[in-house]
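What follows are several structures.
Look for chain A in each of the two complexes below; its partner is chain B in the first and chain C in the second.
And now, the complex of A and B:
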């Protein structure tokens, strides 16, 4: 395949998200400006200007009209996707890390980092139909986990909230009361910080990637560990194919560590694994730096990867990808 | 600003590349109009536009793009409408010459790990079939297509030269250029002792060549002499290539030297390839000796 290279960001990428129909790709990076691209040919559509810090995460509503972004400048902003205007800004006392729209787009999960004595929190805010009516009230606030929460998402039917973070434990919370329902098993779970989490389209299972060089597949309802995929480097990003039984995992070293590790450890590819057999299918090379973000197009026919090098690479699969036999 | 936005034509089918820029400046009337030579049978589209650069000089910008249909996609009505949204944010003044989005010139494969029992990776011979002995394999260096035309007849000669991805292609596909690769991969043989080299009369020319020596660093571990040769020969005749190999592991130690016959070629190679991405690493190319001027 001939990947399309998009160099719109000057700093490392942090997150990639496709809209529901798969025609728009949103990219977040440490350069303060989330960008939206057309997902078929990679042409840039626009940028959202307003943040003053690295943008860690974003989510787009079901009808692709609203965008929510979480940033290190201690704010979460709500944008109009089409025009780029900022509709609302939620302000916090610490950097915001992860955002996720609920099914129906009426609520949004926002996580904040532990900062200056404040513990990390998971907050649920209501999103009003009309931006004029938007308020900053939290419907629910959960304070509990030690360490940074890297990702928190809604469970099936908005009944639960699933969080994963630096303490390497996955927690499931009740979304109405905030009570802790389940925790992942310490022995079989990840041993180091969980960097990324990706839900399958029907939310029945999800994939987490961790700095302990593995990615694990979990059942949502029971939080049982289903599969483990072994990598040879810390995992920064994971994604599950909506079409085939494939998962893709990307990783690499942080820039800080490169000089201290063997030069040969710096190969940067996105690795494909068979979801059920756990075998490696292959790798897609190309990034000049660690891969920080991965996302599959909802139609499963293309995927994109964002790296520490600031590039977004958009790959449309060749026809022989769909007939891979293990 | 608002007045300018509404003046932009709202017709549905206009592609952003063909939209005239509204606010290009006061001296627009001095510039010839933009010319778009539509996609020809190879899908090549040439757009020639003029603008003023920072010093006020008239600059002609020719952008050659290859328009390729990747495939049909079923697009929802909403998605079709979104295709026609106006650009906003930093993308507002995007013109044809913007190099933000580019198709990779390298073909990237999903590389299967070679385990016993699995099928071989599909070879990248592009439908060539077995090469008959004695047949001539026409290789074009610019676009990499084989069997079609030589480099000088390449229809795509204006496009970026794709690097020959030696490390990804199986070596059988490059039968035509196998000759320099014949030299041993096992031990280093100095050029004076290699078979087929000139013996007499090369001392002086070689000494002069050593001043045209270019050091290449940050090579990937499976780079070898033939790869460097292929990469650098486009700048001119190369008299010698050397890649430092770790005898114990057989891997490249990350650096090598290329000696050009002509100084100017070495200079051009340095300018062009320094910072060039090759096999996922960014090359550093510089003079081997302190700048001989």
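And now, the complex of A and C:
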């Protein structure tokens, strides 16, 4: 099917997130307004106004009532999904990079960038039932990894936190004590900045994408490397299909090089790989800049991609897709 | 040692374990390498060592030479002889006051036939020795010039002759072992980043099969020898030649500081190395050093030193003036001659003695270009037009030795000529650029020489459209056809011609013209018949695989931004590569001869791709003919093999997939189990609310919710 081109952002996309039911798609971009869309036909439903910098990441609660967004304006904001009103703002002294709701939505992980001498941090905040009672106290703060932490997410049962970032090492932390439990192997792991991390729905395994032109699949509990998907371009975004044994990987040459070469050289396709066999299945072209964000609809029947070009492309799979034989 | 940094400790331990050495029992300080051999391990202080070659011993006689074999003369002629000698040596340097001393036999008052000359500097003395050793004063008096300091050394040579120690014969490594590969595969070397690797091209398996891998091997580049026997690597301190049966062993080192270029002779007998040194005084020209080594013994056969100007034709000099190789090898595979061009002369040397043929250069006024026939000792020269057209330009063929002019062709109003030899030396094509009448522009055509025919007939070939620019020209290897890309504008035409059409008096004729092709380079298969028309650079890497026998396109392809194309030596595969010239997309693709993309390997910082050449086939042309006629019979065996391989492959593939699938299933089973176990806890975390992923996939009901929002309340008083 022809993809639906969603024009709404004025700057490069940074993150995409479906709600649990898969009827809403939330998008973040370097312009300051996260946007919510109908995931079916791509209509714009509304925007969340209040940030004053690029929005890097967002997450939506299990019941689709709360939205949390992390921004370069050094704040993380809590929103009412339906009305678009800002409920609370956590303020930091460095840009917030990634946010993730825990199972049960009572906690949220926030990572902040190293900035003006402050090191990068992973912080856990409690989300109050009633926004009136919300405080900005951190339940836990982890410092340590060098460089930016591009993504931190909850492990199974909120017992662990998995982080990845510029130092190309994946770490598992104890979410109670903040103790480092495991580190990925330097030899077999990524060699350059890890740009993205996507957790499978049952949190048993996750996929990471890196500027070293590869994506890797890991076991969440043991941090063993399961699979490697070799690409010919730096990887900016990854997603795992909840339905089939597929992963989708996107990226492209760095933005600084784009103007110097032909569009064909940029490799701005989203590439599908067989999760188990690691073979390439195919590619979806369309963006004219690197792909920065990818997300599967929770039903696995559509996916969307967001590019440096400022567009979100919503793809509903053709029936053929479901009968691909490898 | 630098090498220690390169080898990791674990590698050393592994190696030690393999050869059964317990590392803990070894005291490293007790290990002494045999003198003069460092096992290919370069030490980091080697640089310094090289710089300090032969510290200068000040004996005080470094500026004195001894000239021997002078005529023995009586006192009457003494002054005259002294005058002659003074005249000869004043040319090379300044003789010190009273620096010429010719001893006289006190008994007879006759000279003794030698003299001593003291120069101002040792440099001048050295130069004088180099220039006049072997100088012919007359028939019976050929100078023998030595440094005074050397005399002592010669005196110390023992009078008694001791037989040279004959070393027991050691079987050399089998240098051509790679040719005996069972699957008849070819090798190639690639260099990417700091890694140099050699692979088999395993086209059946659609992947390269590694042979050798080395990190930090090379300082500048690698090069195969013309027959593929050796691999030369070029370093700061010189070139190293490797070869061998299973791995690449060091065969010889050829020391040459700051070496820039190397060149093998076509028969692999000699290696030429070149370096040029920035002068300390910027007004001076670059100093050039050329060494010619014997490849098998590693012995330096001859060196050439001079300024850049000595090795160029144009007066401009400078670095751009050098066109490598400086020495062109002639006389076919025997490497009989090598020659270089100089001002108004061509210097032809023979490899028996390493001196000029007939002891003098071959004078050709204003010669600007020359080339050897690839198979015979024939030189082709080009002399441009002189005196505003009074003296025509000419192309001549000269037989060596003897310098007999075989054929000459005068050309009028010519701006430039380029010579292209066919690989068997049967034909020579000279591309000529003529001026138009107005002299404002040029047009091109060809003069075709048939070398092997009686009297060497010449034909003129003009393109259908005379004004077309010629973009590329290439002979079919070992064949009688050639291809030309010609035309202006973005889509030139490609034409094929044959030298063998029509009856006994063969004439050149056009086979076909392909219109409007995106091509600017021609790559014939080494076996002939097939050609790749490539659009490099501006054409973004368009490839067309063309069959010239049937005059049809077999396939078209694209290797985006492709910079290099090379056929494998058998003409079965084509490699296309994007090297570091272009920043993105580095790596190489391997294609079959008919244009099917077999596999691609991306490599960052990709410098070089080079197929290992093969020696010439040992089959006679008749036998080759016979094989190609009965190809079916021979191919059966290989087809069967191919089928076996592909069956085995698909079987392997299935097996691999099954293993992967099974492995995955055990993982997912475990994950599912964890997930089940954690169900209760998860429910608690969600305050008892089950979630979608809890297996049951319960359908959520769609509820219609009516939401009312008061937008505005407005009160109005109604009358």
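One rule holds in what follows: the second predicted complex is superposed on the first by the 320 of 326 C-alpha atoms of A that agree within 3 Å, B and C clash if a C-alpha of one lies under 4 Å from a C-alpha of the other, contacts with A are read in each partner's own complex, and residues count from 1 in each chain.
Simple rule for what comes next: a residue touches a chain if its C-beta (ideal position, glycine included) is under 8 Å from a C-beta of that chain, and two chains touch if they have at least 3 such contacts.
Keep in mind that this is a model prediction, so the values were computed, not measured.
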So, A:320: does it touch chain B (first), chain C (second), both, or neither? first
Identify the partner contact of A:201: answer first if only chain B is touched, second if only chain C is, both if each is, neither if none is. second
First (chain B), second (chain C), both or neither touched by A:285: first
With the two structures laid over each other on chain A, which partner does A:84 touch: chain B (first), chain C (second), both, or neither? first
Answer with first, second, both or neither: which of chain B and chain C does A:156 touch in the superposed model? second
Looking at the overlay, what does A:15 touch: chain B (first), chain C (second), both, or neither? neither
Could you figure out whether chain B or chain C reaches more residues of chain A? B
Which partner does A:2 contact after superposing on A: first (chain B), second (chain C), both, neither? first
Determine, under the contact definition given at the top, whether A:56 touches first (chain B), second (chain C), both, or neither. neither
Chain C-contacting residues of chain A that also contact chain B: 21, 264
Can you tell me which positions in chain C touch chain A when the two form their complex? 540, 560-561, 583-585, 587, 602, 657, 660-661, 664, 667-668, 671, 674-675, 678, 681-682, 685-687, 689, 691-693, 700
Using the touch definition from the top, list the residues of chain A that touch chain B in their complex. 1-8, 21-24, 33, 35, 37-38, 40-49, 63-64, 82-84, 263-264, 267-269, 272, 280-288, 299, 313, 315-318, 320-321, 324-325
Residue positions on chain A within touch of chain C in the complex are 20-21, 62, 102-104, 106, 156-158, 201-202, 204-205, 219, 221, 226, 232, 245, 253, 257, 260-262, 264-265, 276-277, 298, 326
Mind pulling up the chain B residues that touch chain A in the complex? 16, 70-71, 73, 75-76, 78-79, 82-83, 85, 87-92, 94, 99-104, 106-113, 119, 122, 221, 251, 254, 277, 280-282
